[in-house]
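In this document, chain identifiers A, B, C, D and E correspond to the written order of the chains, with residue numbering beginning at 1 in each.
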Amino acid sequence: MMGLASYLIISSILFICGVVAIMARKNIVAILLGLELILNASALNFIAYSRFLNNNIDGHIFSLFIIVLAAAEAAVALAIVLRFYQIRESVHVDDATQLQG
Amino acid sequence: MSTSNLDIYMPILMLLLLGVLLVVVTVVFLSKVVRPHNPNPVKEQAYECGEDPVGSAWSLFNMRFYVTGLIFIIFDVETALMFPVVVVFKSMNEVGLGGLVLIELTIFVLILAAGLAYCWRKGDLDWVKSYQTGKDPSGRPRIEND
Amino acid sequence: MDYTVASIAPIVLLPFLAFVIGSFTAKKFPKFTGIMVCVAIFGSFLLSARIFSDFVFNKFSADYYIHKTFLWFDLGPAFKLNLGIYIDQMSAMLLVMVSGVGFLIHLFATYYMGEDKRYASYMIYMSLFTAGMLGVALSDNLLGFFMFWEVMGFCSYSLIGFYFEREAPGDASLKAFMTTRIGDVFFLFGLLIVWNVTTQVNGQGSFAFVDLYNVIAAGGFDGQMLLGIPLATFAGLCFFMGTIGKSAQFPLQVWLPDAMQGPTPTSALIHAATMVAAGVYLSLRVYPLLEIGHLLTFVTYIGAITAFGAATMALVQTDIKAVLAYSTISQLGFMVLGVGVGNYNAAFMHLITHAVFKACLFLSSGSVIHSLHDHHTHGHVQEMPRMGGLAKKMPYTCFAMVVCSLAISGVPFFSGFVSKDRILGDALIHGLENPMVYGLPMFLGFLAALLTAFYMFRMIFLTFYGEPRDKELYDHCHTETFSFNRNLPLLILTVFTLGFWYSGSLTGQGLVKFPGVENKEWFQTLIEKPDDKHLAKFETYTSQTWGKVDIKPEVTFPKSHYDPTHGLSEADAHHAHTIHVSGAIGSIFIAFLGIFLAYLMYIRKSLNPGWWVSTFSGWYQTLKNKYYFDHFYIDILIKKVLFKFQDFVAWVDMGIWDRIFIDGWAKVNDTFSYWTRKFDDIVIDTIAVDGTGASVRFFNLVLRTFQSGKIQFYFVVIFVVLASYLLTLKVV
Amino acid sequence: MFDLILFFTSAILTVIGAILVVATKDIMHACVYLLVSFLGVSGLYLTLGADFVAAIQLVVYVGGVVILMVFAVMLTGGPHAQKQNKFGIVKTALMGNMRTYTVGGLIGALVLLMMVKLYLSLFKIYTPKELPEYLPTVERIGKALITDHVLAFEISSVLLLGALIGAAIIARPRKNRIN
Amino acid sequence: MTDTIVSYLANFEPFKSFLAFLTESYGANGPTIFAFLIFLVAVIIVVGALATIGGLGTYAERKISADMQARMGPNRVGPYGILQFLADGVKMLMKEDIVPKDADRFLFFIAPMLALTGVFGTLAVVPFSSGLTLTDLNVGVIYLVGIGSLVGLAVFLGGYASNSKWSMIGGMRGASQIISYEVPVVLSILAVVLLSGTLSFGGITKAQGGWPHEWFIFHNPFTFLGFFILFIGSLAESNRAPFDLPEAESELVSGYHTEFTGMRFAFFALAEYIEVFVLCGIAAALYLGGFQVPFNLGGDTIWGQLLQLGAFFSKTLALYYLVIVIRWTLPRLRVDQLMSMCWKYLTPIALFNLIGVGLWMWLFDGKSLFTLLFKSGAAAAGIH
């Protein structure tokens, strides 16, 4: 049976892939894909810890809320992206610098 | 024998693999053997009732598809959260806590129903009406499909 | 029963909060604002009534007090300022009077001002005023007293000039404000003297009344001289000038008649019942200072002159509110006379009784004025010659006004008789003992009492009885129907014009006594003059902070009992009683004489007022012109003296100071500025300014990179910082 | 035996999917690879005994988020979105180029470094213990949601309400657009 | 814990000895190998049976439509043309595999695969009988909903990959329609879960009885409504008429699979017909008592299992027949009617239903309407 380390390695790979996607992509939707990967990595970590460390249900509930949050975030973020596209005709992240301050 | 280990997921994996393999085998390998292959430019055109297609089909779509998806995902998540609560309702009802769970469930549902009511009121659920006013923001030709 | 901050502070804070909240709601919700103000003041009344009942029925000791202080600010070891509250029997009575009468007047104002377009702002000004007056009553020190006193001054100014669209109210408000300012300036000087003396004696300056009493009891003012005059005289005079200004005593009485330009509830609350009484209250509070400053004779003269002079002026007024205004000045003169002749509790009692019946009189006059509407000028009518016979139209108002007039005239069984005749009785004692000094004040006092009865009933007869002299006006006046905010306040106030609420007997003066209830003479028992015996208690005084428990009355303070001898010897007491009784009989006679004269003149018409006017036309003109005081102040004092002085000062300023010093200094500066500019060009501009610009450009380059708005760059920064933090962290 | 097969199948799906999400040049393909990765993560949840979370992962991600993503791709100009914005300025390629991948790789290496440090310190204190049986989780999650976590449960509905209304307002076409 | 076909078969003597043999030979891996072998056989049987049923479905559809329109229908291949579907299959296999020039070749390959995979995945939890359920997961309902939503994505990707306008429009419509109707479907499933307190299909079926009055559809008024919501939603989810907008022949040529030829098209069609069958089976299991047989005849014996299979298939096929009849009876909805039907009628009613079922459970202690009306009356009359 696989141990904690293998899950942590997988979640690390997921996380790093997410980070690289965020860094390397210029399409906002693609950046959001990377974000979903990161959220999945964290949810996976929660479940793994809850099985291997303390074996209670709280890790599951936390992952559940991460999934809920990810869905809500995706909905709102994509709405913003669409709105942005309507105004600027672009999904290029470097065009979204109006709030540079 | 009741199985309590991961073996219960075995048929799922099998079925999924079967689905994948069926397509791979028939489309990739079998097609080499039994099917003719005589491509020509007209055959490879997209079908538009005999006309030459103009431009790509991958162009802008209307926002209402997104709004539908948006409302769907919110309700999807809502039902996902409601599943465990609904499951325990019966056992809770048997020990007399049914009213409590029902109230929690009702509050949860009502809050989301309020969201649905808001979208209804603001016309987000109307497929046609609220989108007729105003030009297409992008100013490009848009595929109309209703 | 212990008092906490929560049970005392809301007395002031409720009306103040009503003012604050009302400031925001006045525009949008005027009705709500009015109701909120009334409720707030009723709340103050309930809290005050609790304190009052507690003091009168439970503690029953003249010495009992509550004193709580907190440190306001601290500017060093010798300069700590405390604020706080001081409640003794006198404050408790004043609190319940102000909040009670104030509540009724607010109630009436909802009727009187209800249709005004700035009704709500009127109500919140009134509320702020009430807060100020309650603060004065609660204040434990002269500084707090002064601050609240100024709040009242501001409200008085705003309310007199409430109809600022017209010229007269604006002028009147300015006049009132400036005139009382003279008294306030003297008050400030008094504050400085008190601070100075308390610092000398205690090593710690203070404005608190108890510290002042302490210093006086400890002889702190003994031997202190300024310009050859005792310092106590100076201080007392300064505070008494405050009284003169605020209570409209001679010679600063000119503002009060003009203050009648304000709406009638304003006149009732501020210029009859409470604010003007605050001046007398100040005199009562600093009474020991007046005593050791040997100012009482001066006070007596001021009071008597004011009482008589105002009464004479009231004789010839035709405006119903002007009559009441002069009668107010006159009654305030009686109070000051009471202070002067040393009848401490009678002066305070007259303050209370006068507040009740004068508020009622003003409200009644407001009721009359409000119902008399002139359809030609679209204004309300205040002139008595156009009234007459109104008793049939407004029976409740007429009843209230007649009862209150009986009270102010000094008819037995009413409160005015009880309080005024105690003052006159003491004046009589003093006058008989020392006719050279006190003879004139005594004589003027009795004469003023006679005139009071006369002009009050002149007003009653002219207004309510006889034939209607302006038929059209009379016909337009609606018959009065009972309404809770018009008549109820009047009738409630009327109930409290009865004498037995204030004295133990039906008439006062010990003529008809309730059997076996000596403690019912609670005014006499509970309000004690702060003389040497009384001041002694402050020598062991320790101040309480807010958190401390109140002093237990059963432990520290013996229960007070009525002392029929007033601390005099048997023979002296008998003598005093005899004179008092004869004085009382005399004043009863005088009161009925005044009423009878008025009856003869205005009902029977057997004496013709016109004959008197034409015979004494010189006197009539003098009275009409208010003894030419306004003429004196404006034409002579201001135009001849102050303007000349101003011209002289201007000449000094512009001719001498400007020419020589200012222009000469300009030359010096020109030279200096030349060299400065050289320095500026080279050092500042080139090196500092341009250098700064260059450095800003440099930092701009750096910061622009960081503030590019490109979110991926932010991510890079976040991850780098996070990584550097985590990599330096020692986790396990 | 089968648990190993399930684990490795899922892990390979997850990792390959995630890497392809980063590597592919076509955003629509990236969405499909993301789906593959999600399916793999769901399988990993199964091997961890979290059957309910795995099922929810399927419902929400596979059925919801991925569809929403491909919709969004179609509504923002499809996979062949323009190479230059409306001012005619040519930008970095939408799906990244050599430079952005270099930056991403460096940051990824940095994150890897952090994780190595953290996990090494974690494994210093972690001692493997007897693993519990696989128990059904739905009832336990349900009981926790209506007792300990009831506030979070109700608040999450408010969150969803906010997300729904907010996103609907943002996504709604406006009648008078500026410019 | 979880009932599977393995756990059912392990009760029988030959299998038990086979399991013992495997355990003896392979140690701890024995049961897994046993399970693997049985699952493999069962999966192939189920898929084969369902593929056949799907194929027969096309035949049945043509026959029934022909009947309703007074035509003959297929009648050449085999008796009454019953082997027509096999001929069609062979023809599909032989057809040229055309991929449009501008298409996304990768997704063009993936889309039918996803559709087939999604539909096959749902087969794992369909309760054919108490024994013949491949695996009766604890979270079977959610699993079915989740894996079934792959089909929606497949429809979209199929439309997208073709890079043809008809396909694209069909795919967009199809995806948004499928996801929209998932909400009322899931909500009406939740009502059943509320009644039975379990998420496994076997558990839900066993909470009902063999007689119609013991079915959840007649449990209370709310569930009666809920069944129709589920049925209508299932129709829409499987893109059946009157909700067949994604592949509306008269406006979109053939919708999202316009450009698909040969086996790729065959997989889409197969997936659709199996999905219809599965959804009918789900509706039957959730609301119509599933495999429950009256008089408790459906035991663990072979005959009991056969009776259960019969009960399940008769209910499912009745619904299947209803679906086909509806297709040839009702006209197609407009797209705005489709959306307003989902969001303005079905979803609010389903939400209301859910709370209503909860209230019923709470007020009447989980008793059904029939129990309340007759059992309590009988108890009052002294009859037991």
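Operating definition for what follows: a residue touches a chain if its C-beta (ideal position, glycine included) is under 8 Å from a C-beta of that chain, and two chains touch if they have at least 3 such contacts.
All values reported here derive from a predicted model rather than from experimental measurement.
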| item | value |
| --- | --- |
| Touch-network distance, subunit D to subunit E, counted in steps | 1 |
| Intersection of contact partners for subunit B and subunit D | A, E |
| Of B-E and A-C, whichever chain pair has more C-beta contact pairs | B-E |
| Relative to subunit D, chain with the most remote C-alpha centre | C |
| Centroid-based (C-alpha) most distant chain relative to subunit E | C |
| Rounded Å distance, subunit B centre to subunit C centre (Cα mean) | 79 |
| Distance between the centres, which are taken as Cα means, of subunit B and subunit A, whole angstrom | 20 |
| Geometric centre distance via CA averages, subunit E-subunit A, whole Å | 33 |
| Geometric centre distance via CA averages, subunit D-subunit C, whole Å | 75 |
| Multi-partner residues of subunit D (each touching 2 or more other chains) | 2-3, 47, 52, 56-57, 59-60, 63-65, 67-68, 71-72, 74-75, 77, 79, 100, 103, 107, 111, 134, 138, 141, 145, 156, 160, 163-164, 167-168, 171, 173, 177 |
| Overlap residues in subunit B, where contacts from two or more other chains coincide | 4, 7, 9-10, 56, 58, 61, 63, 65-66, 69-74, 76-77, 79-81, 83, 86-88, 91, 112, 116, 119, 137 |
| Per-residue overlap in subunit C, given as positions that touch at least 2 other chains | 712, 715-716, 719 |
| Interchain pairs in contact, sorted by label | A-B, A-C, A-D, B-D, B-E, C-D, D-E |
| Contact footprint of subunit E on subunit D as seen in their complex | 1-2, 26, 28-29, 32, 35, 51-52, 54-59, 62-64, 66-67, 70-71, 74, 79, 134, 136, 138 |
| Subunit D residues touching subunit C - in the complex, by the definition given at the top | 100, 103, 107, 110-111, 113-114, 117-118, 121-122, 124-125 |
| Subunit D residues within the subunit B interface of the complex | 2-3, 5-6, 9, 46-47, 52, 56, 59-60, 63-65, 67-68, 71-72, 74-75, 77-80, 133-134, 138-139, 141-143, 145-146, 150, 153-154, 156-158, 160-161, 163-165, 167-168, 171-177 |
| Residues of subunit E that touch subunit B when the two form their complex | 1-4, 6-7, 10-11, 19, 31-32, 35-36, 39-40, 42-43, 47, 93-103, 109, 112-113, 116-121, 123-124, 134-135, 137, 141-143, 160, 162-169, 172-173, 175-176, 179-180, 182-183, 186-187, 190, 193-199, 253, 258-259, 262-264, 267, 334-336, 338-340, 343-344, 347-348, 351, 354-355, 358-359, 361-362, 365-366 |
| Contacting residues of subunit B [partner subunit D, same complex] | 4-7, 9-10, 13, 56, 58-63, 65-67, 69-74, 76-81, 83-88, 91-92, 100-101, 104, 107-108, 111-112, 114-116, 118-119, 122, 124, 130-131, 133-134, 137 |
